[in-house]
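As written, the chain order gives the labels A, B, C and D, with residue 1 at the start of each chain.
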Amino acid sequence: MSDFFSSVADYYNYLIYIVLMVIGLYAIIAKKNLVKKIVGMNIFQTAIILFYVSIGAKRGATIPIIEHGHGEAVHGAGSQAIKAAEYINPLPHVLMLTAIVVAVATLGVALALAIRVYNRYETLEEDEILAQLREK
Amino acid sequence: MRTLGILVAALTCALLFYAMGDFPPWADPGSAAHTHVSPRYIEKTMEETSVPNAVTAVLADYRGFDTMFETTVIFAAGVVCFFILRLPKKEGPIFRRYRHTLTGMTIRVKCTRKIPPVLEEFEMIDNLWAPHDLIIKTSCRILVPFLQLFGLYVIAHGHHSPGGGFQGGVILGASMILLAISHDLRTALARMGEKVHALLCPIGVLIYAGTGALCLVLGRDFLDYGALAGILHVDPVTARSHGILIVEIGVGLAVMATMIWIYNNISSRGEYDEGL
Amino acid sequence: MIWELDLVILSLVVVAAVGAIAIKDLLGSAILFGAYSFMMCLLWAIMGAVDVAFTEASVGAGVSTVFFVAAVFRTTRRSKD
Amino acid sequence: MSQHYPALLVTVPLLSALLISILGWLSRRLCFPVAVAALCVALFSSVGLLFRVLNEDVVHYFLGGWAPPWGIAYRVDRLSAMVLVVVSAVALINLIATRRSVEREFPEKIGAFYTLYVLLITGLMGIVVTGDAFNLYVLLEITALTGYGLIAMGEDRAPLASLNYVYMGTIGACFYLLGVGYLYISTGSLNMADISAILPSLYGSRVVLVAFIICMVGVFLKMGFFPLHAWLPNAYTYAPSAVSSLVAPLMTKVMIYVMIRLILTVFTPTFTFSRLALNHSVVWLAVIAIFMGAVLALGARDMKRMLSYVIIAEVGYMVGGAWLGNRAGMTGAILHIANDAVMTLCVFLAVGNVVYRTGGYAFEDLKGMFRKMPYTMTGLVAGGLSMIGVPPTCGFFSKWYLISGGVQAGQYGFVAALVFSSLINAVLFFRIIEIGYYEPFGSDHGHGPAPAPMEEAPLSMVVPLLVVVVGLVVMGAYTGDIVSGIIAPMIP
């Protein structure tokens, strides 16, 4: 039992990301409201970003901005050696900047489409739209 | 649908839990993710690009190609929103309602597409007209220049502190959006028209891709900013640093313009007339 | 890292996510989504991802929420689920 | 110059998309020529690249001048060079063929349309050419976003179909991203070649296994593979005709390319076929996909929906062929990427011509079409024959490889599905021929067949169609060279 708790303590960040992802996935599939689905889609994307950021975390390290680094003063001289263990891994952060921007782009497009759909059918509920389509 | 949703969610959950057992422990400095590729970024960024913020260096230089396409994604989103929502300009006269603030009388004016000059004692009324709150209006107006200043700072200071083109661009865009929310869309459009932000958006990406193409023309690989050393009269490492700054400015412009573009299209349903 | 703080924010994230999905008012959903994004941003700042946190604060909690509110104003607040 | 071909492939379309977007606000007439020029350069450099690859085997290009595991590198081999030529050629032909209908459908937004069109091609080319797993995700999103926009501008129900596509496409892309994250956490690298060099020591890891499954699910969603195909028929049916003849041939095929790339380069066939016991179940899913696609196509009441279901069946062909796990099956799948792109383009262009003249694409609109639009109908019939798999056309050869692969692997269900689907395709296209040839135009049955006037689509639409028809036969004739020169060296 204590083994289980220690593994949960080790992995709780990963755990939360799975929970959030499942919430988002459920919302996309099961919710009938189009905007709710978009909210779910965003939660899903953010969960994946949380996963990547968790990969990037490193114990005993600081944020990835090199200290005492001011342009020309350091480069070339190579006076102090920079140790990779002192700084958090920047690569996942870079990837996630991209992912966040992609998420907001998708959000804009999805909302624009939702507005088009609303203009046409006067409702955002998927089942009501399908009922309207079936009538014709 | 609900059972399907639960089923899919449970399946995914089970699959991911199954894999979690083999993860390296959280935040373990010895795991593969921290030892294979990334140490070079941290150790060499000062030496190779002279940018202390490793994230900016990786974003705009080591993986600059990704970032170019990321900016393109934003640009594409702007164009798509315009393409889907923007309604063609209506022909013929439009009727606008005005209220005389002194007497409270409402008049209907027949006018063209162009918005007539604003007179002191007349107030335009929309279908969704609501009286604007003076406190909100004034405080937002005071806030806007500071926001823009901060946005510029964030773009320019991305080398040394968190920030860069994206964050700064979004803040700049948000300042215009704030103006559009606190006043109305017309006020914001009078400051920055549709054509301006629709053109700024590709121009921003063009600055990025053009820098890359310039490097290609100068005989190096695409986006190899070291090639700019000859033009900028600096050594190749500093040229990389300057190249990153140029690129970040492009990103900032594109992101700012796109955020405004998307907001204007969504909030006015493509009519570009009445805002929120 | 202070793990108590971390734990509180993690649970708040989940609460905000469930709330954004479950609430029947779309405007409320949009606002809760903003809160969710902001909690996420705090979480990432704690983990040392300052650039990502900055972006999420401006994009996720700021502009995304504004887009949602604008879209909800242009459509309807009513939602059946 | 020639060492920069890989960069030109992607950057020239990108720069011209930006230029078109600016020109859209200044001078609309210039948009189309710029787009044509951009795609011509892309086609030229991809052909150049193909010849280079045939000599040098693999071409690398380092973007930003950084060596692969740190920077992003392009890696072009025979497979990607072939797909590049197909993508750029299809895009160029479609661009020229649909000019008239685009001008009619989007008079106000030509600039935006061509911007999105060229951006979509940029994304597809980038996906094919890139050697970096994360870069592929970004490009995937570019193609997806532009695709959503283009599809949404179709007829009445298009926005809803496109919105469903947004949900499904986003889930697919996110699953792929998650899979890349799992690969990153276990290998620490994002470069495909580097990952595949590290992976063999990690084959036992559960993380790698789940990474593979998640990536595959994401790609299956994007290509509309059987249980995940729900978004596809509506999106392709309601899209504007100029868009469906672009998206239908290219999007699913490029996704299949991504799948084959993942199998061949990232996770090597040994892992896919021997460590995993999944290949039988995927082939069975493919069998169901083919049956379902064929039956649903039989029940469709208009041409575009029928063709969309045929595409689902074709996706089943290729996925099944790739997962058979032998050389013939993989050869058939790769060959079918090229052949299917060309024949789908052919039929969709023909349907586009019909829509341009009659305004509809229901079966009733085809009445008397052989008299009215003889060349267009020739194109439709030629494409149909190729889809059935009649010998001189290229469809026959890839189907032959697929069937022999199925026989070698002992998957007789797959063979049966292929034969069944060919029969159904025969029924479908002969029904079209019957309607078009024997049923008189209009409703005047009493007076015998009315002498309907010839009303062929404009020359700019017919000529590209006939070029594609010739291409069908030429590709069939050169199948042997394509297989021995391009595909065979690719399969280990």
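Please note the rule applied: a contact is a pair of C-beta atoms (placed from the backbone, for glycine too) under 8 Å apart; a residue touches a chain by one contact, two chains touch by 3 or more.
The model shown is predicted, which means the values in this text are computed figures rather than measured ones.
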Point to revise | Pair with more cross-chain C-beta pairs in contact, given A-B and A-D | key: A-B
Study note, to complete from the structure: Farthest chain from chain A by C-alpha centroid distance is chain D
Study note, to complete from the structure: CA centroids of chain C and chain D: separation to the nearest Å works out as 38
Exercise for review: Would you mind pulling out the distance in Å between where the CA atoms of chain A average out and where those of chain B do?
Suggested key: 18
Revision key, fill the gap. In whole angstrom, the CA-centroid distance of chain A from chain D equals 29
**Study point:** Geometric centre distance via CA averages, chain C-chain B, whole Å
**Key:** 19
**Study point:** Contacts with 2+ other chains: residues of chain B
**Key:** 16, 23, 33-34, 37-38, 41, 53, 55, 63, 66, 70, 73, 76-77, 80, 84, 162, 166, 262, 266, 269
Review point. Among the residues of chain C, which ones contact at least 2 other chains?
Key: 50-51, 55, 59, 63, 67, 70-71, 74
Revision key, fill the gap. Residue numbers in chain A touching two or more further chains are 12-13, 25-26, 32, 54-58, 61, 63-65, 91-93, 95, 97-98, 101-102, 104-106, 108-109, 111, 113-116
Exercise for review: State which pairs of chains touch, listing all of them.
Suggested key: A-B, A-C, A-D, B-C, B-D
Revision key, fill the gap. Within their complex, chain B touches chain D through residues 15-16, 18-19, 21-24, 31-38, 40-41, 61-66, 68-70, 72-73, 75-77, 79-80, 82-84, 86, 88, 195, 198-199, 201-203, 205-206, 209-210, 212-213, 216, 220-226
**Study point:** Residues on chain A engaged by chain B in the complex (per definition of touch)
**Key:** 10-15, 18, 21-22, 25-26, 29-30, 32, 54-61, 63-67, 69-72, 74-76, 78, 81-85, 87, 89-95, 97-98, 101-102, 104-106, 108-109, 111-113, 115-116, 119
Study note, to complete from the structure: Counting only contacts in the complex, chain D reaches chain B at residues 4, 7, 11, 14-15, 18-19, 21-22, 25, 61-66, 69-72, 108-109, 112-113, 115-116, 119, 122, 126, 132, 134-135, 138-139, 141-142, 145-146, 148-150, 152-153, 159, 182, 184-190, 198, 205-207, 209-211, 213-214
Review point. Tell me, which parts of chain B touch chain C in their complex?
Key: 53, 55-56, 162-164, 166-167, 170-171, 173-174, 177, 181, 259, 262-263, 266-267, 269, 276
Review point. Quick one: in the complex, what on chain C touches chain A?
Key: 7, 10, 13-14, 17-18, 20-21, 26, 29-30, 33, 36-37, 40, 43-44, 47-52, 55-56, 59-60, 63-64, 67-68, 70-72, 74-76, 79-81
